[in-house]
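Look at the two complexes coming up: chain A is in both, with chain B in one and chain C in the other.
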Partner chain A sequence: MGHDHAHDAHHHHGSEISPVEARVRALESLLAEKGYVDPAALDALVELYETKVGPHAGARVVARAWTDPAYRARLLSDATPAIAELDIGGRGGEHMVVVENTPETHNLVVCTLCSCYPWPVLGLPPVWYKAPPYRARAVIDPRGVLAEFGVTLPETTRITVWDSTAETRYMVLPMRPAETASFSEEALAALVTRDAMIGTGLPRGIPATPAEMPV
Partner chain B sequence: MTEPSPNTFAAPWEAQVFALVVSLQEAGLFTWSEWTDRLGREIRPGDAPERAADYGAWLATLEAILAERGVAGPETVSARTAAFLRAAAATPHGQPIRLENDPLYRP
Partner chain C sequence: MNGAQDLGGAHGFGPVAPEPDEPVFHAAWERRVFALAMAMGYTGAWNLDGSRANRESLPPAEYLGSSYYEIWLRALEKQVAGTGLATPSEIATGRSAEPAKPVARVLAREGLEALFRAGFPSSRAADAPARFAVGDRIVARNIHPTGHTRLPRYVRGKRGRIVRTDGVYVFPDTNAYRTGENPTWLYTVAFTAQELWGESGDPGGVVTVAAFEPYLDPA
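Here is the complex of A and B:
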């Protein structure tokens, strides 16, 4: 290929979009023409999920449960209205169930079918949550999965795996880290990570591997 | 497995697919149970290993549902896709890519 040809190609000032981008644009334009979707509403949805919805909402729920025993009781008995008390809810969180970690039981959430996830409290799921290895192994080898996430639990802690579906979506209420008695609700919320509410992590401040305790 | 995924969407098209699916569910074209059931089948092809329930799988599932419901068939979608690719090539870099920019566009 001669230099002139390359030069000409360089001066072709068209835009480039990938085939998948073109396909999605095609769907959007066809659906908008037929009145199924409103492009402005689509943009608003994207902005909402890119900037507002995320695990900070779930962290507020956890911090409230850590500081208010009556709230914790409501959250564990009927999560959806308890979460709504903090003005959190909506699509993907119509029927929420919160499961509590204790020294005896650690909870782990997965969607074995596809990628069901409690959007209002955690935002949209991370890539690994939707991938076959996590979906398959969370059920058959939860302890091995936790180890990959750097979480080692005492042998005596039982691991319970919860399978989220379109109808029921689970969130984990992690254990409150030690020595946080003086923490404000806001400071507590800052300790709560996304993974801690999926069960693949622990809140900041709890060592992932329990230290040797003197007998 | 533990790679961080700091951004909600890895590319703009992922965000658009997500928004389309949410909007169509809210418009009543399908329920979330129908969606997850269909998505679950999409990521378990009979002749290949199970795949990720990522936005690529969402796009394939959405196309399958739109074809099944008679909203937009594969030929219609492919033709419109080709039109957008032609429109992009004919659109000066940095300007919005409009279907009207397709040299073969007929209103």
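Here is the complex of A and C:
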């Protein structure tokens, strides 16, 4: 595949990196040289958001709400301190609101203006959440968007879309799947997907279309 | 501003494209842009609202033609130059040619996790009573500021109802330009889908936005 040749050619030009990579390296080295940033702190930030903060945290919150009615009540009335009870919170989740799915109402979260997303419970947002198709259509065609995620709700289920236009951050509390009465909190958490907490998905174990529902 | 960032209700962008097992970052440079933007924000040279204002003021073709972290990179370069922390030629070469400007603080590795775990709340104490209460009918003002605002175009001039009083928060429209935090009441306002989108609105559907008091008039 001409690897050696390509390799030599790159070395000839002194770089194997793309223009955007070169630009970012230049910016980082400049800002570090000026003393505005500490590269070790940058490494720690990346590690924190790449390996520690993620939707497993939100899943713990949901599982607790499914198993503890008093916790669920606290979560729905004042989410930030309720989430902090599980030692979860911080940047991008300072002002949390949790909205509950019911057979009558399904909730869907979007940020039409940028990419606001509840970091402490869900981690950094996926590309589709930040990209124009979702931001444009979630508010005008939520059922169409849900269909693209393979979710078809009963026509009698109304949809409420939460546009994250201020520092309030929303998380969906999905409905607990049937036949999970014997599940431990940990086993329940494993059913809770990231998309179920955005509202673009349902927990594992809930049929994604009415046709799949048992009669 | 009525910029490319204000996407609610736009047509033509095609289907949503979820990526199975998506990684947190798609390239090494995205990690660095993310961390650089966080760390530079921490210096106090600008604030989160200022960053948003910068990103959305990219020319529409540039905004829509860039990936998410490319938008962050372009806006970050603009902010660094715009605040005088470095010159455009230093940014181009990646080498410091002039003395550094003082910054309020520098993000350190030590204590970083606790700092981000504590967060940076934007709620403030109320210094005036709330003008609206839950249940009040409102109309979103038909305003078109050329600067930063968080009232999306698709609700302007539309009638809705207050469904929650969220408290008092930093007002992005002024905070973005460092002309004052102006703590302002924030409300969750619900609009019916048919009020927003007419006949094409999802029957029974509701869209809520978080709206600052100056965005609203009684209806």
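FYI, the second predicted complex is superposed on the first by the 193 of 215 C-alpha atoms of A that agree within 3 Å, B and C clash if a C-alpha of one lies under 4 Å from a C-alpha of the other, contacts with A are read in each partner's own complex, and residues count from 1 in each chain.
The rule is simple: a contact is a pair of C-beta atoms (placed from the backbone, for glycine too) under 8 Å apart; a residue touches a chain by one contact, two chains touch by 3 or more.
Computed from a predicted structure; not experimentally measured.
J.: After the chain A overlay, clash or fit between chain B and chain C?
T.: clash
J.: Specify the partner with more touching residues on chain A, choosing between chain B and chain C.
T.: The partner making contact with more of chain A's residues is C.
J.: Give one of first, second, both or neither to describe whether A:50 is in contact with chain B, with chain C, with both, or with none.
T.: Both partners, chain B and chain C.
J.: Could you look at A:28 and tell me whether it touches chain B, chain C, both or neither (first, second, both, neither)?
T.: So A:28 meets both chain B and chain C here.
J.: Check whether A:19 is in contact with chain B, with chain C, with both or with neither, and answer first, second, both or neither.
T.: First partner only.
J.: Just which bits of chain A does chain B share with chain C as contact spots?
T.: 18, 20-21, 23-31, 34, 36-38, 41-43, 45-46, 49-50, 54, 91-92, 113-115, 123-124, 126-128, 130-136, 145, 148-149, 165-167, 200.
J.: Give every residue of chain C touching chain A within the complex, in rising order.
T.: Touch list, chain C to chain A: 5-11, 13-19, 22, 24-29, 31-36, 38-40, 43, 45, 52, 55-56, 64, 68, 70, 73, 76-77, 80, 85-86, 90-96, 100-101, 103, 106-109, 112-113, 116-123, 150-152, 154, 164, 166-167, 169-170, 172, 186, 188, 190, 196-197, 200-202, 204-212.
J.: So in the complex, which bits of chain B are touching chain A?
T.: Where chain B meets chain A, its residues are 1-5, 8-13, 15-20, 22-24, 26-27, 29, 31-33, 35-37, 39-40, 43, 49-54, 56-57, 59, 62-63, 66, 71-72, 76-77, 80-85, 88-95, 97, 99.
J.: Can you name the residues of chain A that touch chain C in the complex?
T.: 18, 20-21, 23-31, 33-38, 40-46, 48-50, 52, 54, 89-95, 97, 110, 112-115, 120, 123-124, 126-128, 130-143, 145, 148-149, 158-168, 195, 200
J.: Please output the residues of chain A touching chain B within their complex, sorted ascending.
T.: Contacts found on chain A: 13-31, 34, 36-38, 41-43, 45-46, 49-50, 54, 91-92, 111, 113-116, 123-124, 126-128, 130-136, 145, 148-150, 165-167, 200.
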